[in-house]
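Here come two complexes built around chain A, the first alongside chain B, the second alongside chain C.
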Partner chain A sequence: MEKAKITAYQLFALVLLFELGSALLVALGIEAKQDAWIVILLGMIGGLLIFFVFYRLYCFYPDCLPTEYLQKIMGKGLGKSVAFLYMLYNVYLAARVLRDFGAMLLTFAYIETPLFIANTLMILVIVYSVSKGIEVLARTGELFLVFIYFLAGSGVLLVLFSGVIDLHNLQPVLENGWKPIIKTTVRETIYFPFGELIVFTMIMPYLRDAKKIRNVGIFGVIVSGISLALVMVINISILGVDLTERSQFPLLSTIQTIQVADFLERLDVYFVIALIVGGFFKVAMFIYAAVIGTANIFTVTPPSRLSYPIGLVVLILSMTMASSFPEHLKEGVSIVPLLLHLPFQIIFPVLLLGVAYWKNRKHKKQGTG
Partner chain B sequence: MPSFFKKKSQKGKKTAEKQKKPAVSSPLSEVLEENLAVITSKTGNSTDIIIRRLKHSPRFKTESAIVYLKGLTDTQTVQEILIESLMKSDPVEQEPSSMQEMVEGYLPLGIMESLKDWETLFQALMSGHTIIFVDGFSEAMSTSTEGGEQRSIEEPSTQRAIRGSREGFTESIETNISMVRRIIQNPTLWTETMTIGRVTKTKVTIMYIKGIARDDIIEELRNRLKKIDIDSVLESGYIEQYIEDQSLTVFPTLYHSERPDVVAGNLLEGRFALFVNGSPFVLLGPVVFIQFFQSIEDYTERFYISTALRLLRVLIFFISLIGPATYIAATTFHQEMIPTQLLVAIAAQRESVPFPSFVEAIIMEVTFEILREAGIRMPKAIGSAISIVGALVIGQAAVQAGVVSAAMVIIVAITAIASFATPSFGIAISTRLLRFLFMISAATFGFYGMILGFIILVVHLCGLRSFGVPYMSPLAPFVPADINDTVIRGPLWADRKRPSFMSGQNQLRQGEETGRPEPDKSRQMVTKNEGDAQ
Partner chain C sequence: MKRHVAVFFIMVLSLSFLAGCWSKKELNDLAIVSAVALDLDKQGRFIGTFQFVNPGNVTGGFQGGGGGQGNAVSVYSAKGDNMDEISRRMSTKVSRNLYYAHANLLVISEELAKKKGILPILDAFDRDPTFRNTATVVISHQAKAADLVKTLTAIDKIPANKMIKMLRFSERVYGGTMNVMIMDVVRDLTDDGKQPVISGLNLKGSAETGKTLQNIMQTTPESAPQIGGLALFKDGKLTGWLNGSKARGAVWTLNKIKKTEININKKGKKAAIVLEVIRQNTKISATTIDGTAHLMVKVETEGNIGETKVPINLKDPMVIKRLEYGFEGAIEKEIKSAITVAQKKKTDIFGFGDAVHRSQPETWKRISKNWDEDYFAKANVKIKVDVFVRRTGLRSNSFLSDVK
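On to the complex of A and B.
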């Protein structure tokens, strides 16, 4: 563990940027048609539940990284191997997001640039930032949060002034009842983006004021959920369900509808900034968690030494994980949620919490008795 | 890895041993002639060293002499007070036991010091003291007679302010310290002086307000200054480069000012000031990034205006940083983002230009940097020639010759003016350098490269510290109480607390009663006379 402390607001900024990271750019929960925003809000509630599992685990071992308390709960050997699996999971997710991000960037702006170059540049910036440590990353987050919300605010204003919003596109609400909504929630939005908060279990011990962690988490999840839902509402009300579903980047299409005074138009740079900054923070958080966890498992000091090798692994994995972008997307939709997200984000933590609860209750009885 | 560290620590020990040098200075002799001979031989018989023998002084029964440096001493003091009082005083009745006793009561001069070894003696002599030798004593007295020619106090040439004091620091450290003392008339204003520089023996003075400045920061400063072991300190910039937290950065992590009121203001916020003899620039620390966007008249103007000006300065910073880069990125990679009419206009201009816009921008920027450098070095008399040549070369001729497009000239001109408008030279000069990096990243990867560059810049800035204070505070880490004096400037009455990172316990700078001025009497105070018309 680094000798570093971050403030509650910094953690909040990181949670928010991480949640918005790539979720902002895609058509989240569009399988539920015009009710996508309900799906997002339901996912948010699911995310809160998952966060509580992480939080209870943290309460049992407030000064330990998850890699340490896994060993305390499951024993040394088993704990270490599970912890290592978690680190692999983080690396894999980092590579996935990097691939997503690189592919998106190339499709809409740099058609002839090789994916490898785009990803390499990004990973260099990320690795540099991660090697500076969590404090610097957190401060950067603080500054960029203001920046992103400033952009978002001005973007929303411009969209409003352009007069393209048609709220009828959101009707009828609950056209097909609750069933497709619940289905999409359980299959998608709970895990992405909210379940991915599991990364923050690696960062919670750094918080200076441990009492605030619950509020920061709840607040962060709610604000990000509402922001995402709002963006989806704007997307659908401008583009309509059909176009949102078929558009590769609904947010980009939305931004392109901005037209104010025949001068403020084609503000694609908004999307570029959101894409790069979001991608940066998402990958950086995954890599940071992987670096700090791996350093903890194998007792490497200082942990920042690992950031370059792990960055290289992420880069290569992002290139080789799928032979084409459609294949990559297919994996993301049908394989990853069930085989990776479900066990790592929900089943393991819940089991762990049960064991930890049982163990600590026994301890307490011994202590008081 | 552990073995590597071991080696390192051993290496450190060795160098530490090496540095322990015998500093025992030889004592003075009792014989006057021997002492004077040492002085002439050690100074190589320099002509500006004056040795005046006083053969028949009634004060001393034996022979005596005074030694001083011409030019560094105040000749009037030496001649009229020192020599006169030594020559004309009444003879002593009894044999004095020490020199101090003998001299102290009779010389009407302020500082008197007894010297017993050569090292301190030469230091006193070289700083303008007059040394009194008496035969038969193995000590000498030094009297403070510093003087000589100095530049008078003038208006500062950098950091001009419209509303604020007109005083600027000079090269003399005593004058500079007194100028701050005159502003803060409080005994808690403490100073500490040390000499740095093996050869130059430059006086360096730390100044801080005891009780406001944090003791740990002052202690750290002291330690860092003590570690400096160099030949010469010719300007405060020498010291700056040895006490920075991080030297591998283009951003200044110490602030320098030529204005006493700026120094006083910073001392009151809990910072320290570092005076270096011979430099009109006083160092201030710890600093934060946002401080470089502040100007002294921000505090004297109404806060709406100050806030607007500060936001303007942040905008200026961004223009001078990414102005040309944005143009390059937009014209090279993202033409679709430029409104159509403008794009057509730019394309028409660029039709005759043989270079890509990156080359065009580099040509113009480098030309401009050359002109600027020439403008600084040129003698004032031919300075106006530069501006004529510059205006013609940069402006019309280049466009007419078809080397650059007119739009590029506008971009470079705006960028240049923006970099002149930055209030702090330290930041302006770093943005000048970074601008080229941004231009390169924009030319290779468009907005993608620029945004990545910007992220690296922010990460780098967030990682900097100045004497332990995070460089980007109070923005990151965000300190809500200090936000009043950052990119915005709240009203003074709302600025209750000192910056929390600098000042330890003593944070409040306003009384509890002092709040927003809302005099209740304002309305009834002036009553209309009965007879006045409505």
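On to the complex of A and C.
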């Protein structure tokens, strides 16, 4: 653990940018058709519950990283192994997001550029900022949050002025009942993007004012959930369900429909900025968590020494994890949630919390008795 | 020293990365495509005709620089079985890289739309990242698509721009046409409750004279593109046309009218009183009861009296009221005639199916497959129009009332 402190607002900015990161760009929860926004809001509620699990765990051990309290809860050997698995999980997710990011850039802007170049340039910047530590990342986030919300605000206004929104596209609500909605929530949105908040367990101990964590978390999840739902509502009401479903990046298609006064058009740069800023923070948070955690398990000091090697692993993994973009997406939709997200985001933390409760209750009894 | 070398090395490295020279394309190596026209040859292959901008000849002499005397555009054609092939074969005729980001117009010939339909061609335009799917689509009516993009135009020197502006302007002030984007067409094609409708363009005059500069050197260009009707589609194929007031009736129903004029006969004179529509709002709804569809169109519109040919007392609110009834009847007739044609062609271009989908989602699942044939074509149509005449212009009664 490095010696650093961040403010509540900085943590909030990081949570928000991380949540919006790649979720903003894809058709989140589109399996529920026009009710995707309900799915996102339900996922948000699920995300709040998951966050509370993380938060309770943090309350038991406010001064240690999860890699440490894992060892306290489960014993040294087992705790270290599980912590190491978590670090692998972080590295894998970082590589996934990096691949998403590179493939998106190549699909619509840099068609002739090799994936390797796009990913390398991105990871160089990320690894550099990670090696500078959490304070630098947090301050960058503080700056970019304002920027992103300014873009979002002006983007929404321009879309409204273009007069292309047709709310009829959102009807009929609940066409196929609650079943597909619950199914999509449980299979997708609860983990991506909300459950991924688990990386923030590695950052919570850095907060200067520990009491604020709960509010920052709740507020961050709610604001990001509402933002994502709103973006999906706009996407679907402009593009319709079919086009949203077929678009690799619905947000890009939405932004391309902006035509105001014959000169405010072709604002694709909005999408590129959202893509790069979001991708940067998401990958950076995962890599930072992996760096700090691994350094903690193997007692490497200073932790930043690990950022370049881990960055290299992420880069190579991002290149080799799938041979085509459809394969990559398919893995992300049908394999990762149940095989990785479910155990790592929900099952392990809940079990840990149970054990932590049990252990600490015993401690208390001993203390009073 | 070592540090200096390292810094120098990094700077040289970033020079090569940050210059942005990866797959660069110089401006004078680009051929800017302004319009794409698609025809069918006798063997059933596609003929792609691309209109390229000659940048030097577009700017006029007034703006300084060497405003050339040549054509503002050059047009080349290539054949192929798919869009990509056409685009690549074009390189045997054009010396530069094709640049599609400014291609704002896609012209599809009537023949192609009828025989092959638009389904086999649109994917390329929808998928390609440089071609915008906000580009306008039109169908060439009684003309080859290629001839439309070959015809030189006056005022707006780039023919593609002229056609798009014409569509937009006419949509705004007259209402018989619509500026339909590729995106809209694709959305309607995938929507089970609505069929696409695309504006048509005619070619006035002969195709041969249109190609020469002489054409635009006259005060009245002999050949020029003209707006002509709306093309109805069913299952991706062109099935019929709506012209004149019927076309406008369709645009009313689609709630796309911005401004237009409506006239009624009075005192034995045709088109004697004219209403300038300044705003309108149309809502459609539909339900099915016992296997019959009931369609409802509700129009609310406001306007001013624009012209009278007969003396009439416009100071009297009761007279205005009677005029409103007259206008309501006229609008209702137009809408009715448009819906009747669509019903005859069995293609629901208005989205009544979507309305059923919204109001009766359970029923819709059952009937969506044969909505066009069994329900829409036989549906009862109810049209309710409310016209409000607000003002009468600068004069109350016409001078005609006092002509001695």
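Here are some notes:
One rule holds in what follows: the second predicted complex is superposed on the first by the 369 of 369 C-alpha atoms of A that agree within 3 Å, B and C clash if a C-alpha of one lies under 4 Å from a C-alpha of the other, contacts with A are read in each partner's own complex, and residues count from 1 in each chain.
Definition applied: a contact is a pair of C-beta atoms (placed from the backbone, for glycine too) under 8 Å apart; a residue touches a chain by one contact, two chains touch by 3 or more.
This one's a predicted model, so the numbers in the text were calculated from it and none came from an experiment.
Of the two partner chains placed by the overlay, neither chain B nor chain C lies in contact with A:V291.
By the touch criterion defined above, A:K132 reaches chain B but does not reach chain C. Once the two complexes are laid over each other on the shared chain, residue contacts for A:G240 go to chain C alone; chain B is not touched.
Looking at the shared chain after the overlay, A:L158 reaches neither chain B nor chain C. Applying the stated contact rule after C-alpha superposition, one finds that A:Q259 touches chain C and leaves chain B untouched. Contacts of A:H168 after superposition: chain C is touched, whereas chain B is not reached.
Put chain B and chain C next to each other and count what each touches on chain A; the higher total goes to B. In the superposition on chain A, A:L121 makes contact with both chain B and chain C.
Within the superposed three-chain model, A:I181 lies out of touch with both chain B and chain C [touch as defined at top]. Residue contacts after overlaying the shared chain place A:A109 against chain B and chain C alike. Where the contact sets of chain A with chain B and with chain C meet, they give residues 109-110, 121, 265-266.
For chain C in complex with chain A, the residues that touch the partner chain are 17, 22-23, 101, 129, 132-134, 183, 186-187, 190-191, 354, 357-359, 361. Within the complex formed with chain C, the residues of chain A that make contact are 107-113, 117, 121, 168, 171-172, 175, 239-240, 242-243, 253, 256-257, 259, 265-266.
Note for the complex: chain A touches chain B at residues 7, 9-10, 105, 109-110, 118, 121-122, 125, 128-129, 132, 136-140, 142-144, 262-263, 265-269, 272-273, 276-277, 280, 301.
Residues 1, 333-334, 336-337, 339, 445-449, 451-452, 455-456, 458-459, 462-463, 470, 472, 475-478 of chain B are the ones touching chain A in the complex.
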